[in-house]
Amino acid sequence: MIEVKNLHSGYGRIPILHGINFTMKPGEVVGILGHNGMGKTTLLRTLVGQIKTTQGRIEFDGRDVTFASPSERARAGIGYVPQGRDIFPLLSVMENLKMGEIMRGGESAIPEMLGHFPVLKDLLERPGRGLSGGQQQILALARCLAGRPKLILLDEPTEGIQPSIVDLIAEKLGELKASLGLGIILVEQDIRFIRQLADRVLIIQKGAFVAEISPDQLYDREVVDAHLGI
Amino acid sequence: QEDTIKIASLLDLSGGLDAAGKPMQDAITFAVEEINQAGGLLGKQISLITYDTQTDMRLYPQYSQQAALKDKVSAVFGGITSASREVMRPVLRRLNTLYFYNTQYEGGVCDRNIFCTGITPAQKQSKHVPYAMNKWGKKIYTLAADYNYGQITAAWTRKYCTENGGQIVGEDFFPLDVTNFGSTIQKIQEAKPDFLYLVLVGGAHQSFYRQWAAAGMNKQIPMASTTMTIGGEQMVLSPEETNGILLCFNYFEALETPANKAFLERFHKRFGADYPYVTELAMATYQSVYLWAEGVKRAGTAERMPVIEALESGISLDLPSGKFSIDPQTHHCVMDINIGQIQDRKINILESFSQQQPLDTSGVCDLKKNPDDNSMYVIKV
Amino acid sequence: MTANWQGNGGLVAATVLGLVLLLALPQIVDPVMMIELTSYVIMAILALSLGLIWGYGGILCFGQSAFFGIGAYAYAIAVINFGDSTIPLLLSIIVPGLFAALLGYFLFYARITDVYFGVITLTVTLILYKVMGATSGSQYVIGAAPLGGYNGIPAVPPLNFPGRPELALSFDGLFYLSGVTLLAVYVGLRLMLKSRFGQVVVAIRENERRAELLGYDARFYKLATFAIGGAIAGLAGCLFANWGMFISPDVFGLAQSAQVIIWVIVGGTGTLLGPIVGCFAIQWIATKLGAQQLLNANLVLGTILIGFVLLVPKGVVPTIGDALRRLKFCPYVAPLVEQRRVP
Amino acid sequence: MDLLVVLSFEALKAVASLALISVGLAIIFGMMRVINLAHGEFLMLGGYAAIVATKAGINIWIATLLVSPLVVGVIGVVIERTIIRFLYGRPRDTMLATWGLSLLLVGLATTIFGNTTEGISAPAGSLQIGDYRIAAYSLIIIVIAIAVFAAIWAVFRFTRYGLIARSTMQNADMAAALGVNPSRVYAVTFGVGAGLAGLAGGVMAPITGIVPTIGAAYVAKAFITVIGGGPAILAGTVSASVMFGAIDQIITYLSTPVIGEVALLAAAVVLLRFMPQGITGRFFRRAA
Amino acid sequence: MTSPDCILETRGLEKRFGGVVAIASVDFTLKQRELRCLIGPNGAGKSTFFKMLTAQLKPTTGRILFDGVDITRAQPHHVSRLGIGIKNQVPDVFNNLTVAENISVAARSRHGKARAGAKGKDVMERLGLTALTGRLVGELAHGQRQWVELAMVVALEPKLILLDEPAAGMTADETNKTAELILEVNKSAAIVVVEHDMQFIKQIAQTVTVFHQGRVLIEDTMEKVQGNELVREVYLGKSEDD
């Protein structure tokens, strides 16, 4: 579904990613683990096109999207839940959700989303900025899913979310993956969450993948220390 | 040693005042060309150095200094508003450069280094106001621009109005950028004057005439104006908006003198038959160049003091606007005054008064007695 | 590292360079150009004042010319009344400084920020413009000085040696005085910005709430910066009244306010050299354009400004600074050009 | 009594004019956060478009209501594509660029049209109310202002374009990540703002006359109105116009236009001092 | 009424945003040098509570006493000078200043030039920021910015530190490091920590307060809280059992 070859990118003249390579099948969930500042967010932003690729190639659904604009990629089916959520602060929750599916024809997915995340039901008329941190996080996820993407990129989706809802999100994402073949690239620090969802885990260090491990190895102190400890 | 005599013009060719400035620039260009074609002055050609002061206060002193110090001109012509004149005047006086100011203004400048060729209130309103009162009635509503010229002109209007047994039923002052006259028009209707006396200045104030007509008032209350046509406004506004306005100037294109007819013929040959209108200010500028040239001829030099003395010796020329002479006591001019009325963008002359003295200024200023005077008198009306 | 190259070496070098220019220019430049230069120098002081409060303080002031104008009027009115110029000179600093402090108190303590602050300062300036413009009637007189409305106050007496009104400042004298003032203001501000006060001011610009949570009263720091900026602008106004020998409400106009902002942006916000450079450059171009008849001056100046934003987005000084630093070819020149403190 | 009617009518007209000259800026600055110092020049261009079209024999209503907004809207899109689009998120640079643009447009207009005041006479004659006469055109201005605001409100509130535009202005990157093409949204919205400014310029032309420099008279007032209105831009612009326009007219009637204008400005200062986020800012709470 | 070993006390604290009641009457007391964990569902009012304590928001009703001083209507800088430091939920730093400058501004609020310099160095070393000193904070990754903010708060040496989700976005061992840091700083200051990471809470918890719908639901030891049915239902969820 997505194939990334020798990807380089960075901010201005500062290079951050140095040759990222990976491929993903539909319905696969890939976890990405790494220390602060190792380039996880940068990788996701490069994949959605917010940061320009300086070298390498990104193929999505058999199509070269290396130089496609963010909106083209979104319409091709890449969804993104950024770190920091990026809720539209002055739009109501309802309007935020509508924005999620604005570029997609067909039937609205909002009722379904409200079914998945009932907390949002009471907040529909509230402006985005009147939500608490965790509420915003849920909204960001629901908004992304409303667009029915084929692949979603999640940047620390559980940050600031209460434990019971973390479980809920894991459960919902698991269902969607199974039923729709949704692909997920999951940047996450919560190891339990990754383990619940990911099929495999890539470790990133200084802008490149250094290892691939299976989710079960995550509780193996030795493996984790070998790749993540400093 | 120089082979030309230099003069400078400092006029607003851009910015808010350029409607007034551009015709003046054409006039000075034309005057210089004419003199040069006729063989120049003292055997030399005149070269005209033009500065566009851009309606920017800061540029007047700067360009004055430049003209005096760098170009070393023998005379500077220009300045449109009183404000700009008062900025240029001390600079040019200090730098010993002769200055001609060619705009109608409120009177009172008293300085041997400057000659004012514009018409002043005592020359103009003393005739204009009573004429209008005779024609229309005794109740006047004055609308004036809110600066020295407007304020003082309004004061003179008040004087001549009361002297002739009239009554000022309203008086409003407008900054030069006011364009909305809605409330004022209601106020005027409430005051029910016999006519309006307008001292409105600049492009923004033109909208008064439009709004006045749009409210249908142009058919109800007549108007007299001291400033209309100064920037060729009658060519821009529609005839319905300007018909019937009563004017009073030294110069109108309609003057029947031979000198004027010949002038207009030459002028239109140079600037095209469709040149909109030779304005009062343009004519004053044109004539001031001839006065200066006459001074230079008589002095036999273009140096400042000899030229001033020559001009003070009582120069009088027959120019397009009629006989035009310098009053040595005030450095202002004695000239004919004409009353005119706009009809379909043309101005018909209704009455003429010959050789009016600048009585306002001569009441406060005597440069013969006090040659070192250097003041701008605010004349008590 | 930022702290280092703002070090004293650069400052001393800049001072020396400034003094050399000040002494050398009158020798090589013709008198008309000197007069023009003097006006640039005076306006540069005004530009510096906005460079401080906007570039460093982050206070969006659309009405810097208000303080400039108040300074000029204060001087003109006082000197016409007093004859001797010493007290008027002081008044031209104190009155606008106080006015800025009052306005600042009125606004900062109500936590007005951003465009709201900008538009209020602009409005206050326009009020001054309207009010001063409406004083042409003969009843508007302060002591011996008529306010003159739209025409303003002509024939403003020049500065004189304290206590000796007959020893008036010449054109050359005004150039030296303005030059020294500019240099002193520049050096003074650089020193101030290096101090704790300066650091806090910049920190508040970056994140006011965080600065407050660290224990700094942002309102006070902004007020102080604003008042200092106002006083400096007032001083420039006094010099300007001396230069043109007149003062009119135009100093409060929209065009004047906008110009100051343009100078600062062109030179580079977040530097002190920038406003000076921007002011000189734009004024020089405007004067040159006014002296030619070929093309409309506005048209050309507008095109230049637009081209400039698109090509030199950081402003002149930071761009040159970056280039020098990148080339690394003259380590002694680079520190002269301040680094911009805003990305 | 008649006088009162006539005066309230004048006040309404003042409110409507203020709202009209501000509405384009409400979109370009209020929504897009582009500090457009050339707003006044957009109005000026609208005025010239109407005048040129009328003088070319086009019906005056078509000229002011159709030609002006279209011409200026297209110019707006061109300007956005060539200049403004490089400057989003850089308010200082936008200020510089639009100031340059303002000078450029003034220069251009001066070169083309000269500096004399041009005008067209107000259509629609006059109305008699008791002893007083007023221009019927005033009534038309009021109607146009109401129609314009209602239309804009409906578009931004209820249409798909409205939602997309609002979200893009708040966070363009995120909107792009949801599939919106921000650069097209920006261009269209800027064009709409410019077009509305053009419309206002066209509608005001018969009243004020047009000179290349007329923009300066508008721009400060428009900014004061839009900012005084606060974050809910349409409601804000309307309420600020009502407040400022009414104060200006009433005080002008009681004293002079200068004092009226000073009262308007003073009201703006006082308003912003006590409602630091503008009139509608009261109803929004700062973000958590 | 306030006992001398009580550093913070709120009485009947309430905050409404228009119709939304974010905090509905909270009575909260904290002892000198206590370490308190504050948990609760999303939207329970934790951040709002912190913001009122630091004067970023004005309470609708109620009172806040800090160290015996009523700070209900105080200004933020005043509260800070009295000795409360906060790390907000969203990184709240000086983006266009370098890391060193950020910390220096914090340190100099309390100390003279020399001491502030030393203190700043010390804090940066302790928090492992030395490698980043010259970088602009705006260009750092999310987690790095969290550390900078933490460093600023520590450099301020407050008597009470409020940490709103300090471990958000940090890796497991960085979370450990944060926990250690908290325990160390706790030797000289009282601390309130808001977190959703139960692993982390367990590591440091002494007393835990649970907020729910703007009220204190329960205040007890970690075990008791975890065992509480209501807490499990509204907050922890079923799977919280490892």
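The chains carry the letters A, B, C, D and E, assigned in the order they are written, with residues numbered from 1 in each.
Everything below uses one rule, namely that a contact is a pair of C-beta atoms (placed from the backbone, for glycine too) under 8 Å apart; a residue touches a chain by one contact, two chains touch by 3 or more.
This is a predicted model, so every value here is computed, not measured.
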> In how few steps can one go from subunit A to subunit B if every step must land on a touching chain?
Replying inline: 2
> Taking mean CA positions as centres, which chain lies farthest from subunit D?
Replying inline: E
>> If you average the CA coordinates per chain, which chain's centre is most distant from that of subunit C?
In response: A
> If you average the CA atoms of subunit B and of subunit D, how far apart do the two points sit, in angstrom?
Replying inline: 37
>> Based only on mean CA positions, could you tell me how far subunit A sits from subunit C in angstrom?
In response: 50
> CA centre of subunit D versus CA centre of subunit E: separation in Å?
Replying inline: 47
>> Where in subunit A do residues touch two or more of the other chains?
In response: 130-132
>> Give the residues of subunit C touching no fewer than two other chains, as numbers and ranges.
In response: 130, 133-134, 296-298
> Tell me, which residues of subunit D touch at least two other chains?
Replying inline: 110, 216, 256, 258, 285, 288
>> Give the list of subunit C residues in touch with subunit D in this complex.
In response: 106-107, 110-113, 115-116, 119-120, 122-124, 126-127, 130-131, 133-134, 254-255, 258, 261-262, 265-266, 269, 295-306, 308-310, 313
>> Residue numbers of subunit B touching subunit D in their complex, please.
In response: 14-16, 18-19, 22, 146, 172-175, 177-180, 182-187, 189-190, 203-204, 206-207, 210-211, 213-217, 220, 231-233, 236-238, 240-241
>> Quick check on the complex: what are the subunit D residues that touch subunit A?
In response: 160, 163-164, 166-167, 170-171, 173-182, 231, 284-285, 287-288
> For subunit E, which residues count as touching subunit A in their complex?
Replying inline: 17, 20, 40-44, 47, 89-90, 139-144, 146-147, 165, 168-175, 196-198, 234-240, 242
>> So in the complex, the part of subunit D that touches subunit B is made up of which residues?
In response: 3, 6-7, 10, 13-14, 17, 110, 114-119, 121-122, 125-126, 128, 131-135, 137-138, 206-209, 211, 213-214, 216-217, 249, 252-253, 256-258, 260
